[in-house]
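Both of the next two complexes hold chain A, though its partner changes from chain B to chain C.
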Partner chain A sequence: MATQHSRAAARLMISPSVLLLLGWMLIPLGMTIYFSLLRYNLLMPGNNPYVGWENYKYFLTDPAFTAAIVNTLLLVGGVLLITVVGGVLLGLLLDQPMWGQGIVRILVIAPFFVMPTVSALVWKNMFMNPVNGLFAYLAQFLGLEPFDFLAQAPLMSIIGIVSWQWLPFATLILLTAMQSLDREQLEAAEMDGAGPFSRFFYIVVPHLARAVTVVVLIQTIFLLSVFAEILVTTNGGPGNASTNLTYLVYAESLLRFDVGTGSAGGVVAIVLANIVAIFLMRMIGKNLEA
Partner chain B sequence: MARKVTTQRMAVNTVVAWVIGLLIFFPILWTILTSFKTEAQAIADPPIFLGFNWTFENYIEVQERSNYFRHFWNSVVISVGSTLLGLVIAVPAAWAMAFVPGKRTKDVLMWMLSTKMLPPVGVLVPIYLMFRTLGLLDTKLGLVIVLTLINLPIIIWMLYTYFREIPGEILEAARMDGATLRGEVVHVLLPMAVPGMASTVLLNIILAWNEAFWTLNLTAAKAAPLTAFIASYSSPEGLFYAKLSAASTMAIAPILIMGWFSQKQLVRGLTFGAVK
Partner chain C sequence: MGRITLDKVTKSFGDIEVIPPLDLTIDEGEFVVFVGPSGCGKSTLLRLIAGLEDVSSGQIRIDREDATHLPPAKRKLAMVFQSYALYPHMSVRKNIAFPLKMAGMSKEEQDKRVDYAAQVLNLSDYIDRKPGQLSGGQRQRVAIGRAIVREPAAFLFDEPLSNLDAALRVNMRLEISELHTKLKTTMVYVTHDQVEAMTMADKIVVLQAGRIEQVGSPLELYRAPRNRFVAGFIGSPKMNFITGEEAAKHGAHEIGVRPEHLQPSTESGMWKGTVGVGEHLGSDTFLHVHDTGLAETITVRASGEMALRHGDTIWLTPEADKIHKFDAAGLRVE
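Right, the complex of A and B next:
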């Protein structure tokens, strides 16, 4: 049993991590909130006067903000839809007996390990380029007009690229969950005369619900912060067509050097992410008790 | 017992799965192939799949033009450095929470995880300004610090879930047999903890290697790791597909190999133990 002495030692062992994370969270967070209340532009040095909610008013009423929120939701929602549906289907497929299963699995999860800038540039140039990309050749081969993906459908193209990166994650987690399914239960259901569809909807789906929730929540946290893919493909354009919230805050702060407005946007992003985080934390917390 | 599967069904599964697997893998395969072509062959119409003269020219040229290995080395230092630093800070914490759990251990763990939910863009401005003041912009040290902090919760969580699986009774048994504290740690605990620590290290190197928000925003020419270096290909001049492919292939190869070895740990690490 833990003694008084070991308790004290344990506290000492935990404290560096706690202090570091506390500092990492509170200091920049405090500064962001503070900056968000100032008129503060790096291009206009001077005393940075307190302006109250002005930055928030400016940021939230900027048409770019509305566009960014819509794009963020479309990006997160689109990628989630593709990866979860694709992940369930791929998971079901990979769970079947076949030759070379291990190798297929390796092929399927590989995109997850490709760094975001590489996958974005490879897709942008070697596949989506309207002149030299493989899709252009394919269109030509089929007798179609080549399509300039990143100019004509920038957000959809980015959704495609990001989905390619995250499909392996969803597949891997859903496959892991499927493999923990009790086979005997399935066989018993089959013997009782349940067809493949009712077996899927009454046994497999409920079993997967938890894994799907985990996939959705974790991906949402990461997808809200998609940045590199946008930076190297479209720079948020044309116009604001592919600007998400993360990119908009980046543009305000480091391209337009408007620290005040950028910080206000940062606070908005934090509030949004927290709404998702609360749900995720509940899920994981429940698991900790189990 | 698994049911007997007919050969026919097995064959259908195999074909469908391989076709889909190869389609998903194709962009990576295409990048690797293109890296061995000349620039003219890389954009040939119709595209050349395998019938080209293999050349290493692009690899040599990428290094000569842009000092590629400097950025490769930056990636190594930043990912390995931040992981090891994180490990040094995290092992005592995870150890204490797993073996001497208190009333609030769970709350502390959850709170640590919650720091991971902070969107990076929310603290971009202060970190950037702080780094500018402290002279940490475009330094490897600066990135090591940031990546250590953003991955610390994952390291602690992964270690915690592994350490928790080490049965406490084994320690008591060793103590009964007269083991000293040192002997207990070296001969009993360490061998059981090493596999978990190795997986944790592997996953974190992967995450740090591919991190592309802070590396893009906090570095310029000097300390840029591969994520940021490759981004410079977004505004290229002239023919560049083969060179882009060569630079990309070298950037993803080490992590692909490590990733394939850590498939199982990946699930556990990225879901914070919620799916095993």
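Right, the complex of A and C next:
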């Protein structure tokens, strides 16, 4: 029984960690907001005058900003589409009884354990390189012109790389969801005259809805901030073709040394991420209740 | 419509033969109950009829047509599962309409049939709810509704009442029996509960280790069990079995007497014993009698009013014409 007294004591005792966490979160946020209101360029040392919304105006009217927003959305949407559809299909395959199931499942999960920088480098140098890459060899073997993925389709290439990293995660979650489906339901549907496709769309897919929302929510959070893959492959280029919001903020503050605009971009990114989060939570909250 | 014939059907899982060659005919409109202890192959047999398992050899005929290799959907059978297997994301209406939708039936015809089934099964009040919002008995009825709308040649029930509480089970038992008299469709029902078998069946099939021990009406099985297994399985409480000298007196290896065929008395009788636990049901009292020198315990049905206490002496007299005799192999001797 928690008495008034013990509750007060409990509050007192957890307060240090709460304060630490609050500070941990609020101080960087506060400093970012503070910097975003200053003219703060590392190339022009001196006093950093207060300039109001100027940094925001500069960041939001920058043509690169629109491009970055579009790229971010394409990246997130593309990877979600590929991983969810691919995850369902892979899950269906792995759900079949077969010899060496355990090993195959572990192998499927393996890409998830490769760090983003490493996997992006492997893709860039071993597969997509137009001279030495395996895809180039394959194209030459077939008598085709090698395709320079990162130069000609930079965003698509990055979507491919990131999808490869996240596919195991989606597969794993969707596979477990599939295994929790009651076999009798499938048998009942079979008795009811549903063929394999009807069974898949009327029974399996609705059963997976909840798992899919979990995959979408978690992946969206991580995909909004994809950075390493872009840095080591295309550096956001050519032009702005593969610059997403995260990379644009990085470019402003650390390539153009404009801390003020970079901070403004960071704040914009926070706002946008929260808008997405609110929509997702609403959508998913509804789905999880049902 | 609805005559099912099994001809030398066998089923093996790998090297293990679950069902040795088996012949059985289920007549049109009959209520047949497969009963047996768990693991006796009764559910497998039902799944073979349904087509959810493939037979290893032999032939299954439904309405004289060979259905051995037909897919489940083409056999015109409907099944009610133990877990009900309702589709959780669909409303009751959609659940019941699902087989009709799969058959490509028009929307009006679907609605007509669903409404009829809902009315027969008293489901109209919660036709738009999801299965998760229904009680066990209601879910059971939805599962039956989903089977009815297809107007199948036969219904298959796989232990449909085992997830319900005792009171509801008795109710649903009645409802299913009533449904059978109303629809007059063949029903095949699997259960491990011999009370369900006795109360519902036109014909009981007693199974053990995949073999049919006996087929017959409930009373045939009760009056003349073909062997010791059937004798012990049918009837509640179980038949008392006595071996040794007392059995030899009747010219048998083993004799069996049902608790209701023993006359208890406080004064005199054939066998003397001590009263152990008494189970008072009100109408009857089942007494467990020890120290008779015949068997560990002998169960006897006494009238509910009989005043006997733990440790009292009791005499038992079997009704001479109700003694079942078995030989050393466990087969009935007349």
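We adopt the following convention: the second predicted complex is superposed on the first by the 261 of 290 C-alpha atoms of A that agree within 3 Å, B and C clash if a C-alpha of one lies under 4 Å from a C-alpha of the other, contacts with A are read in each partner's own complex, and residues count from 1 in each chain.
Operating definition for what follows: a contact is a pair of C-beta atoms (placed from the backbone, for glycine too) under 8 Å apart; a residue touches a chain by one contact, two chains touch by 3 or more.
Please read these numbers as outputs of a predicted model, since none were measured by experiment.
Novice: In the superposition on chain A, see if there is space for chain B and chain C together, and answer fit or clash.
Specialist: Overlaying the two complexes on chain A (C-alpha atoms) leaves chain C and chain B fitting together cleanly.
Novice: Contact-wise, after the overlay, does A:55 reach chain B, chain C, both or neither (first, second, both, neither)?
Specialist: In the superposition, A:55 touches no partner, neither chain B nor chain C.
Novice: Between chain B (first) and chain C (second), which, if any, makes contact with A:242: first, second, both or neither?
Specialist: In the superposed model, A:242 contacts neither chain B nor chain C.
Novice: So in the superposed three-chain picture, is A:220 touching just chain B, just chain C, both, or none of them (first/second/both/neither)?
Specialist: neither
Novice: Going by the contact rule set out at the top, does A:198 touch chain B (first), chain C (second), both, or neither?
Specialist: Second partner only.
Novice: Who does A:157 touch here: chain B (first), chain C (second), both, or neither?
Specialist: neither
Novice: Using the superposition described at the top, determine whether chain B or chain C touches more residues of chain A.
Specialist: B
Novice: Touch test for A:207: chain B only (first), chain C only (second), both, or neither?
Specialist: After superposition on chain A, A:207 lies in contact with chain C alone.
Novice: Using C-alpha centres only, what angle sits at chain A with arms pointing to chain B and chain C? Round to the nearest 10 degrees.
Specialist: Approximately 80 degrees at the chain A centre.
Novice: So, does A:187 touch the first partner chain B, the second partner chain C, both, or neither?
Specialist: It touches chain B and chain C both.
Novice: Determine the nearest approach in Å between the Cα atoms of chain B and those of chain C after overlaying the two structures.
Specialist: 6
Novice: Take the contacts of chain A with chain B and those with chain C, and give the residues found in both.
Specialist: Shared contact residues on chain A (touching chain B in one complex, chain C in the other): 187.
Novice: Provide the residue numbers of chain A that touch chain B in the complex, in ascending order.
Specialist: 2, 6-7, 9-11, 13-14, 16-18, 20-21, 24-25, 27-29, 31-32, 35, 90, 93-94, 96-101, 103-119, 121-127, 132, 134, 137, 141, 164, 167-169, 172-173, 176-177, 180, 183, 187, 210-211, 214, 218, 221, 224-225, 227-228, 231-233, 245-246, 249-250, 253-254, 259, 262-263, 265-267, 269-270, 272-274, 276-277, 280-281, 283-285, 287-289
Novice: In the complex, go through chain B and note every residue touching chain A.
Specialist: 2-3, 5, 10, 13-14, 16-18, 20-22, 24-25, 27-28, 30-31, 34, 43, 45-47, 89-90, 92-93, 95-97, 99-102, 106, 108-110, 112-130, 149, 152-153, 156, 206, 209-210, 212-213, 216-217, 226-228, 230-231, 233-234, 240-241, 244-245, 248, 251-252, 255-256, 258-260, 263-264, 266-267, 270-276
Novice: Once bound in the complex, which stretches of chain C touch chain A?
Specialist: 50, 52, 71-73, 77-79, 81-83, 85-90, 98-99, 102-103, 146, 150
Novice: Touching chain C in the complex: which residues of chain A?
Specialist: 182, 184-185, 187-194, 198, 202-203, 206-207, 209, 290
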